[in-house]
Structure formats: C-alpha cells, structure tokens
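Note that the chains are named A, B, C and D in the order they appear, and that numbering of residues resets to 1 at the start of each chain.
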Amino acid sequence: MVKKAGVLGATGSVGQRFILLLSEHPDFEIQALGASSRSAGRRYEDAVTWKQTSLLPESAKNILVSECSAAAFAGCDIVFSGLDADYAGEIEKQFVEAGLAVVSNAKNYRRNVDVPLIVPIVNPEHVSVVEKKLTDAQAKGEKKPGYIICISNCSTAGLVAPLKPLVEKFGPIDMLTTTTLQAISGAGFSPGIPGIDILDNIVPYISGEEDKMEWETKKILGGFSADGSEFVPLTHEQMKVSAQCNRVAVSDGHTECISLKFANRPPPSLEQVKQCLRDYVCDAAKLGCHSAPKQTIHVLEQADRPQPRLDRDRDAGYGVSVGRIREDPVLDFKMVVLSHNTIIGAAGAGILIAEILLAKKLI
Amino acid sequence: MVKKAGVLGATGSVGQRFILLLSEHPDFEIQALGASSRSAGRRYEDAVTWKQTSLLPESAKNILVSECSAAAFAGCDIVFSGLDADYAGEIEKQFVEAGLAVVSNAKNYRRNVDVPLIVPIVNPEHVSVVEKKLTDAQAKGEKKPGYIICISNCSTAGLVAPLKPLVEKFGPIDMLTTTTLQAISGAGFSPGIPGIDILDNIVPYISGEEDKMEWETKKILGGFSADGSEFVPLTHEQMKVSAQCNRVAVSDGHTECISLKFANRPPPSLEQVKQCLRDYVCDAAKLGCHSAPKQTIHVLEQADRPQPRLDRDRDAGYGVSVGRIREDPVLDFKMVVLSHNTIIGAAGAGILIAEILLAKKLI
Amino acid sequence: MVKKAGVLGATGSVGQRFILLLSEHPDFEIQALGASSRSAGRRYEDAVTWKQTSLLPESAKNILVSECSAAAFAGCDIVFSGLDADYAGEIEKQFVEAGLAVVSNAKNYRRNVDVPLIVPIVNPEHVSVVEKKLTDAQAKGEKKPGYIICISNCSTAGLVAPLKPLVEKFGPIDMLTTTTLQAISGAGFSPGIPGIDILDNIVPYISGEEDKMEWETKKILGGFSADGSEFVPLTHEQMKVSAQCNRVAVSDGHTECISLKFANRPPPSLEQVKQCLRDYVCDAAKLGCHSAPKQTIHVLEQADRPQPRLDRDRDAGYGVSVGRIREDPVLDFKMVVLSHNTIIGAAGAGILIAEILLAKKLI
Amino acid sequence: MVKKAGVLGATGSVGQRFILLLSEHPDFEIQALGASSRSAGRRYEDAVTWKQTSLLPESAKNILVSECSAAAFAGCDIVFSGLDADYAGEIEKQFVEAGLAVVSNAKNYRRNVDVPLIVPIVNPEHVSVVEKKLTDAQAKGEKKPGYIICISNCSTAGLVAPLKPLVEKFGPIDMLTTTTLQAISGAGFSPGIPGIDILDNIVPYISGEEDKMEWETKKILGGFSADGSEFVPLTHEQMKVSAQCNRVAVSDGHTECISLKFANRPPPSLEQVKQCLRDYVCDAAKLGCHSAPKQTIHVLEQADRPQPRLDRDRDAGYGVSVGRIREDPVLDFKMVVLSHNTIIGAAGAGILIAEILLAKKLI
C-alpha cells in the first residue's frame, strides 16, 4: 500500500528534491507540503521558485501549501524535513510529540544519542534504536510514538561509504584524513554560494563542516554496547579523523581525497582493499529497497577517475565511486571518493531511509 | 650592468611569461629567443600566439626567433628554458657543454645530484654546488663551465615555502600530507586542459605530479653532508611525504591543504607556528633581489582565506599565502597554502633565481 | 523489425553519442562500428576513451571496431556518420556508391542540392528528394541506390525550430539576426575548447559557424519549385540572416538571442506569435517517431528563462525552449531560444531522422 | 592641490573600488567614508568585508566610517556615491542641497534632464549643464550650488564608446542592436549572482538592463538644442536601439555583439569604420586626465578577439576593445565590443569624471 508522505521546507532546495523523488516513487505519495507562513495557503506551483533541472511534477503543482504544524501533517505515514536549522529544532520536536515519524536533513538532532544518524547504504541497522522504541510502546499498549531519524551531512555520506566495508572486513581504522572538494548545490540557492566566490576560485572553508565530518563519522561507524542496550560512537582514541573542506566550482558531486591507516598490522593488501569495496552489498540492496544502488561502490581503475561530471550519477546518485586506490607513503592507503551530495548526501538519502523503514515495517 | 638573457621555448606558455617578466626587468635584457624550426627566422610577434593578459611587449616584437642552438645564444649571460621535457634534455645538455648558464623549468635534470633544484624563496643556498664548480674551474684556470639550475615543480614550490622556516626553527618534519587543487595555467595552452574537463568538474589526477612533489620536497629540504662535500636529499625515513593532486577550475594559483607532524615532541604551539611563518624573511629578500617578496609568507587570519582569485597576486605572485593554520586531530597541524603557479612556481621563479645568481656574482 | 545500424567515427564525441542513443533504441541495433585504422580490430571498449556521463553500454563493449570501409558495413540498413570533415568527404561518398543510406553529422555534403539538410523537428519533408530517387530506381528495376542525408549545424537547429511555424503561419521572414552563446560540447574533446579559453572568459568567434548559420537557415526554410522538380533555398533577397557566434562556459545547450522581422505588414501580435509556437506539432511527432518531442517548442513565461542548465533536457533534448518573446524596437520581435546541441543539434537529430526514414519506409 | 574626496556606500562593491582607485590617486585623498548606521563609528577595516584582489590600502584602514549625512562630508570637494538605488535617491538629494558635488553610480537621477549622464571617454562635454549652473550662481554672487553627475550603466558605457566617433564622422545611426554577455562583478557580492546560476549556465535576463541601455544610449548620444539652452536626448525616430542582456560566467568585462545601420546612404566602408575607431582620441585624454586611456579604442584584427580575460585590462580598464568589425547582412556593420564593467562602467568612470571636472576647474 502506498504510504502518505509530507515534506517540510517544501519550497527550499532540499524540499524540492524530496518532491521530485517522491513524485515518481512507487511506495509514497505526497499528502502534505509545509513551508513558511508566507507560502502557506498558496498552490505549490505559485509558492515555489522551482530551480531543478526536471520540471515541477504535475502532481505537485496544485497541492495547497500548509504551515509546518503537526496538525496539517496528521495523516502522514512519514514526514521528510528539508527545514533550515533555524526552524527545524522547534518544528521537528513538535512533530515527534504529535507521534509523527520524521526523516530530517537538518543538523539539529544528529548528536542526540537516541536519534539514529543514518547513511542508508552504510548503517541502516542503527534504526534499531527506533525499532525498540516502537516495540516497547506496542508491548505497553501505548500509542505509536513519534521519532526522528537524521540524514548525515552530505560530505560525511561519501566518506563513510567505503569505510564501512573496510572496517567490517579488516578491523578498525586508526587514522583517517580527508580533504574535500565540495559542490555548490549543497549550499542551497537563496542565495547559496555567490558566483564571484566560485568563478576562477575555490573557497577553502565551509562553516562547521569539518567538525561535522569528524564526529559524524565516529557516530556512524559506532555501534551498540556489548549488551545491546546503548548506542556508543567511536572515541577519538579509537579513530582519529581529520577533515579539510573546500568549496569548488562543481554543481553536484562531492569529491574527497582520503587517506587511512588500519589499526591491525600488517594492513590488508591493495588488492584486498579493492576487492572488499567491489564486493560490498549494502543492506538496503539486500532488503530490496526501490532506490538502493545495484552496485554500492564502483571501484574505478582509470587513472583520472572518478570525476564529478562523469561519475556522480551512477545508480541514480545512490552509488558511490572510488578510484585511485593506492598505497600511501604516510598512512596505509589513499583513494578518491565521489558521491552525489543531493542524492546520497541529502534528499535521496531521506527517501532511501524511508524505504528501509518500510521494508522493516516501521512505517 | 644589464645582463643578456636568452629564452628557450619562447613561443610556449612558460616562454611567454619569461619574456613578459624580462621585458620590464632592470637587470636583464632579451638577447635571443629560441623556438622550433617552424618559428625560427620569423619576427617574434609573427611566430607567437600571444595568450597573456598583458600585451606583447614592444621590445620583443621584432626580435628574430632563432633555433635552439647554443651558437645562437653565445652572447647570453643567462638562458631561461621553458622547453617541453621532450626537447629539454638534449638541448639543455648542449647549452651546458657550450659553457652557458641555464635556468630551466623542465623536469629533465631535476633529480641530478649536481643540479640544484631551487625554489628561490626557500633554498637559494643550494646553488653553492654551482658556485663551487665555478670557483674550482677558475682556480684551475679553466674556462667558465656551463651549468643548469632547475626550477621546481609548481606545486612543490608552494608546499616547501612554509616548511622551510618551520624546519629551521622546530626541527625535522616526520610526516607530511598535501592535497592540491591546482590551476589550469600550469598545463600550458596547446591545448592544455580541455574545457570540458574542468567545467562543472575536477580531475583528481595529474600525470607524474604526486611523485614529483614527494621526492622534490625531500631534495629541496635536504642539505650538504657534514663535510660539505656532497648534497644529500632527505630519506623517506627522515620525512614521509604523501601528495594527492587535483586539477580544478582556477586559472592561476595552486591551493594546497597540508597536514604535518614534527619529529620533535612536544611539537611547537599553534601560535609559535604562526609566528615562525610571519617572521620568515627569505634569503632572496636579504640579498635585495629585485623580485623578492616584501613579505615571504602572508599568514591570513580570516576563516575563509587564502582564495586563489583574491590572494594569488600578493607581492606580484612571489609571496605565498598561508591560512587556516590549526591543530590537526591526526598529525600536528593543518593549514591551507596558496602560491602563484606561473610566478613562484615557474617562470617567475626562474627570474628570481637569476637575480640570486647575479647577487652572488655567479653570472 | 529492428534495423541494423552502423556508426562511422565511433570513438569520437558524436560517435559515442550515436552509440549511447542506439543502445537503448527499440528500432535499431548496432551492427558495425567504424573508426581509424589505429582502432580497427580492437574491442570497442578498448579502442574508445569513453567520456559520456552515462556508462559505456554493455552491448557495445565487445563489438570489434572495423575500418570505415563500405564492405564492413554491408549489412547495415542505416549508417550514422560522426566523422570529422577531413575524412567524411571521401568515406561517405564510397558508402553511397556502395548503396548505403548515410545520415551524416559532417558538413561536407550539406550544400549539395540533392542532399537534404534536415532538422528533424523542422523540415523532414525535404527527404522527398531521396524518396523520389528510391522510387525512380525501383520503377526502373535498378538496385536500391545509396544516399546521404545531412544533419544541420548545431546552432542552426535551434534557430530554425521556432522559425518554421512562424513562417508557415505568418509568411516569410524578411530579416533575422541571431547572437549565439554556444556550449563547448559541440567542439568535441580531443582536445575541444581549451579550458583556459572558457574559464572566466568567452570566445567571440567559432570558425565557419556564422557563415553556416546564415546559409543553412535559408536552405532549411527553402522548398521545392512550383512544379516540384527542384529544391530551391531561399535567396538573400527573400531572407536576410546575420549571425554572431560566441563560445561560452556551458557544457551542453546553445542559447541564441534572436530578433526577426516579418515580410508581411502589419506583423502578427505578440500573443499570436506565442500561440503559434505553443501550437506547433512537428511532423516527426505526427508520424509517431519514438524520439519525437511531446512538446516541440516550450514557450516559457518566466522572465529569466530559458537557461541551459535548467532547460536543455526538455523532451530528452529533442524539445526546444523559447522564452522572453517580446517586441523589438528595431525589428518586429526578439526572443531567446535554447536547444540541446548534441541532441537536436547533432547525434540525436541523426537518430530522429532515421526514425522518420523508417516511418516513411525509406529504410 | 590635492582635492578632498568622500565615498558613499563605502563598504559595498562599488565603494571598495572607489577607495582602491582613490588610494593611489595623485589628485585626490580620501576625507570621508560613509556607510549604513551599522558600520558608522567603526574603523573602515573593521566595517568592511574586503573582497578585492588588491589588499585594502593601508591609508584607508583607520578611517572612521561615518553615516551618510551631508554634515559628515562637509569638507569634501567631491563625493563619489556607490549607494544602492534604495538609498541613493534621498541621500544624494540631501548632499546636493548642502552644496556638495556628487558623482553617482546609482540610477536614480540618470533620467533628470539637468543631470549629465556621462561616460567620460564619450561625452564629457555634457557637464556643461553643470558648468552653466556654477557660472550663473557665481555671476549672481550666490554660494556654489551642489550638483549630481551620473555615471552610466556599465553595459551602456562599452556600447557608446565606438558609437561616438562613428556618429561624429559618419552621421547618425539609424538602427542599433546589441546582445550583451555581462560579467558578474557588476552585480556586487552580497550576494550578487548565485554561483548555481552561472556555473555551466547563462541567465538571459538582467532586471531593467535592456531598458536602461536603450534610453541611456539616446541620452548620451544626444546634445544641446540649436540655441544651446536645452539638453535633448535622441528620439526613437532618430535612433532605434534594441538590447538583449545576458549574464555569463565571467568575473570582469562585458562583451557586446553589436550591429548598426547608419542613416546616411551609402554608409562608410569597412576600412573607414575601422580607421575612425583607431583614430579616436577622447576629450579626457586631450585634457591630460590622469586616468584617461592612452588609446581610447583598441581595434583588434585577430579573428577571435576581444576576449574578456585577455583584453579587459587595456589601459587599466579605461580603454575599450573592438574586434571582428565586419559587414552585416542585415544592417550595415557588426562588431564585438569589450569594456571593463567596474572600471569604465562604474567606479573607474566616476574617478575619470572627477578628473575631468578638475581639469575644467569645476571642483
């Protein structure tokens, strides 16, 4: 049965992409679109400045935009939030209290220990925190509780994709460095990055980004305590992570030059590393999710790949490309990772998370 | 007295910049321009496809281009070579055998132990290899021998600029990683980087570049054996260097995200590192060289700098900008280094090297 | 029944796009791929440097590349030529003499009076020259003759799309000016436009382009003599055309600012012009061709559209977008036209022409 | 004697360029800097987000920013206004009433019949309106009245530069079309043009720009009535002008593809047109103004020039480049004009206007 979906921040950059992905989705249909009071009450087509390369879907044009109140989303099985951090904190809290399931692209609740921070091709098993909450409520005969699941930061998503299978197979990563070359689409478009900042230029700084990458990676690669009762991120002692983030003149697709050292000595061979990445099948694919990539990680052998313009659309943006895997004179291995920042790094991740929730019967 | 200068590869990208810099130089005047036999015999203005943002200097327009034979450059006090590696090997060898002094941008002789590899704001003292050769010949009453001095790779130049004062003050660097975002001007323009490769794209690969950065850094930071008889580059055990090189949509100016660990424990403080870089005065400046930067290293405190478009022209491209100096969770410190690849990283370096030779009375 | 297709110049930029479009096409299957002798005998995957944003189709990987000889294409129902003009003249002639049907993107035969110059959404009726040739041969019991159909220049294709319905409805256009802002993909990629030429730059010149636009337009809008016996392009007296062509930093999608004056006085109203364009249904659509655009011309009302990044993919690149239609203080009307240069302006046009030939039972 | 200058809108994009040009100017020194109340009272260095490629001049760093009140600028001989149109109307009016001389980049007073609209390399003689006002006041023994002189729109400045000498020599231009490819720097930087709008894109629309170009051209090419008593712009009947404006991915330098028809028949020859442009010496140069271009119009003969990156800096941005002059199949001639939008099209024009006022002893 098709599930009813709502979108918060529907006129923004992330909201538009949620709508685009939902409009062609077999499992979801749009039930409610929420935006600021300036837009509320207007037809979506009139309220939005549509800036996608695909046309505004016919099915969304006539939906009346509502305010971001839980009441307006009462009938939704799932709510996707593309809200700015300035508003997400308060609104998402309200929605949870009203018993709604929220998948959020905002950063506000990512650090909360009972909120799963999910990259759907990496750690969908972390939704078990929510699963338990639902089961407990059911056992107690309470009404279904609301919850939030957070989408990771866009640059974190690409980074952890190859790390997950490597850690599973070869044990902990002791040290990790990443230098990113990030696309501008992640910054939205009102106004987003000024043109003068990226024309014949790079900006070697993205506010808050390095910090996010450093701790989100440790949460996503973390796990449950031995007795399963508690979720525990990795500590700095377990995994040292350093990020340097740059904005470059690319529309979509974050490129990252990473370097890593395994804790176990001797480390695996170069060929073992490549084979491990090639063999990785994410759980979302095993669950048969509609948007799950056919090939989770594309290992490229050409010397000059991956490149954002050529490789960002693999598996409709849900696959991650890894190239130039080679030994590193300082740590163990270095490689180049490319991921689609608005798909696996933002709205697309939200959709695939919802598909996972559906497959696990949590919605 | 004004010295007579020749330029090899005069119609190419590097050659054009040599000519531009020489045409306004108080210490040099152009005596000979050499190019392929296709151009030889033509007025320079007719032979060249001039692609600089400054106009072709009047003084160069009517010079007759000659072939790249030592005979045609016989009267030159100094010869600047902008030749492609395919031709530089043979031609530069001939010039040296004919007793000429060559400052070369080609890679061919960089690894030779008796050829100084010079970044003029970093290690001009390494020209002493040449100095000794000249003194020895003079002592023996032999005629002045020819010699080559090599300009470093463009991305190496920016990297070693901050390393030199740090090593002088705080001792050896044990580990160093650098991820570069390199401009396209370094690749010349016939054809150079195809537009389709850098529009909405980055190319995470530059042939041979990473290897060059890794060993050139160790040669430039190397020194003479205890008895002064032999030049010895650093070994991998002394300094581990790892480079990841990317081509981005920037016209001029290489940006590098570097991370380093000192050998000595504890390492210096963040403020000590910054102060050391601010205080650095390169020898070329002490020698009063015309093109030496007033401020060798510009330490920037704004969060989002250096940026190539805004900062590449400091001290006419001879100064290096370093920003975002901060502690690194993996090694000791990380920072962003920006240098002008066609000035301090190529033709400009050649001119400043010649000024140093002049100041040291080697030409 | 699926028709057998060959591709000449298969490793080049246009050839790659033919292969991409054919590999998913219901009516055609690739039978032969031709390239230079350097590539001949190799598997296509090994011979090509694939530079498309979609992956090299599995079905094409193992095809053995042949030389561009008619013999190697003997079994083909249709041959698509992406050859450079340097080779197309001789090779295509040979193919025609061997009785093959060639749809060519090269410029060599475009001016020939018995070669139709076709923009498939504009003047497919001009293939009747070929139709007659085939019927005549059949009537005489001769074997099926070979023929060439030329694809127009990429910038011409976009220009004539709105002109056709306007001329049909409102009579001849007396004067037409167009200033183009052309994408770089049309220039191929070995090397195509150098990056340094389009980064922070435009190049106000494309060799031969203005001349092509000026006369091709008059051929495409021309027609048959009263007795139907002869094809006659428009004369300069009938239609004065002036083009100014620029290369800009856009990957795909040619934008043109056009201005036109009708011969008939008074001219139609602004609303009549818009309605005429909205109402236009190209013959390829009426014939039910697979790739024909659902909407031939998209009339945009937003002030700042069409834009290449947002609008070039309408109808998979087969639709043309026209915006900013307004009265012109000098001629009658001005407007902005956007078309996808590699689809409706090159390889895609070739495929749609072949579909038209198929619908008309000419192959 | 050095004149005292004030700058309104000192922290904005145009204001920063006024300050840069003034800081190295032999005839002016900065006396007062005005900005919004948010900045007032702070040191300029602290108030501004400096975004120029040259460093913030030392001499400007410590100037205390004041509010934009006439009192704070009382001692100024000349005031340069880089105010936004939202504020310029009221503030500039106040300044004039207080007897100050204002050179404004804002559009507010451009249409006023008693306000000269000046492109300093084109129509400095139009300042005679102001000259008369000053003489009249002096004759009457009244105190020196204030006045405004308006800088033209950036794209108008480039357009009229070649028109002026052509009209002077060959008589009126009957029809003129221009299609512009405009740089982004003209749009300022807070936020200016969003990066996503100019990366792999063009925007075929700039609000209000086409209208400005169409009427400003007619005012600048206008003149005084026969009895000299009244300034009269050209009428639409005298000169029909049509502009199509596009924003492209260029940092500085507006390129315009223009086409024109003279009123007189037969028109001049192609060579006469070129010679006329080459020979043009603007009045500012004849007056010996410091910033006047040595060569007002650079006629380029290379097929692919002018190009913004290579040619925008001719004569420090005060010279205009014209290339590809050729006959036009629709009107008489077509050509490509390049001008530096922030120099001759904005702040630089203001400085040169002030130099003209100084040469004419109006300040």
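Here, a residue touches a chain if its C-beta (ideal position, glycine included) is under 8 Å from a C-beta of that chain, and two chains touch if they have at least 3 such contacts.
Computed from a prediction, not measured in an experiment: that's the story for all the values here.
**Q** If I average the CA coordinates per chain, which chain comes out farthest from chain B?
**A** Relative to chain B, the chain with the farthest C-alpha centre is C.
**Q** So which one's got more C-beta contacts, C-D or B-C?
**A** More C-beta contacts join the chains of C-D.
**Q** When the C-alpha atoms of chain A and chain C are each averaged to a single point, how far apart are the two points in Å?
**A** Measuring from centre to centre gives 41 Å for this pair.
**Q** Roughly how many whole angstrom separate the Cα centroids of chain B and chain C?
**A** Each chain reduced to its C-alpha mean, chain B and chain C end up 49 Å apart.
**Q** Can you work out the whole-Å distance between the CA centroids of chain C and chain D?
**A** 43
**Q** Among the residues of chain D, which are close enough to touch at least two other chains?
**A** Touching at least two other chains: 51, 197, 199-200, 249-251, 309-310.
**Q** Can you list the chain D residues touching chain C in their complex?
**A** On the chain D side, the touching residues are 175-177, 179, 181, 197, 199-205, 207, 214, 236, 240-242, 244, 246, 248-251, 255, 257, 259, 303-310, 323-324, 328-331, 334, 336.
**Q** Spell out the part of chain C that touches chain B in their complex, as residue ranges.
**A** That would be residues 51, 184-185, 189-200, 249-251 of chain C.
**Q** Within the complex, which stretch of chain D touches chain B?
**A** Chain D reaches chain B through residues 51-55, 199-200, 251, 309-310, 313-314.
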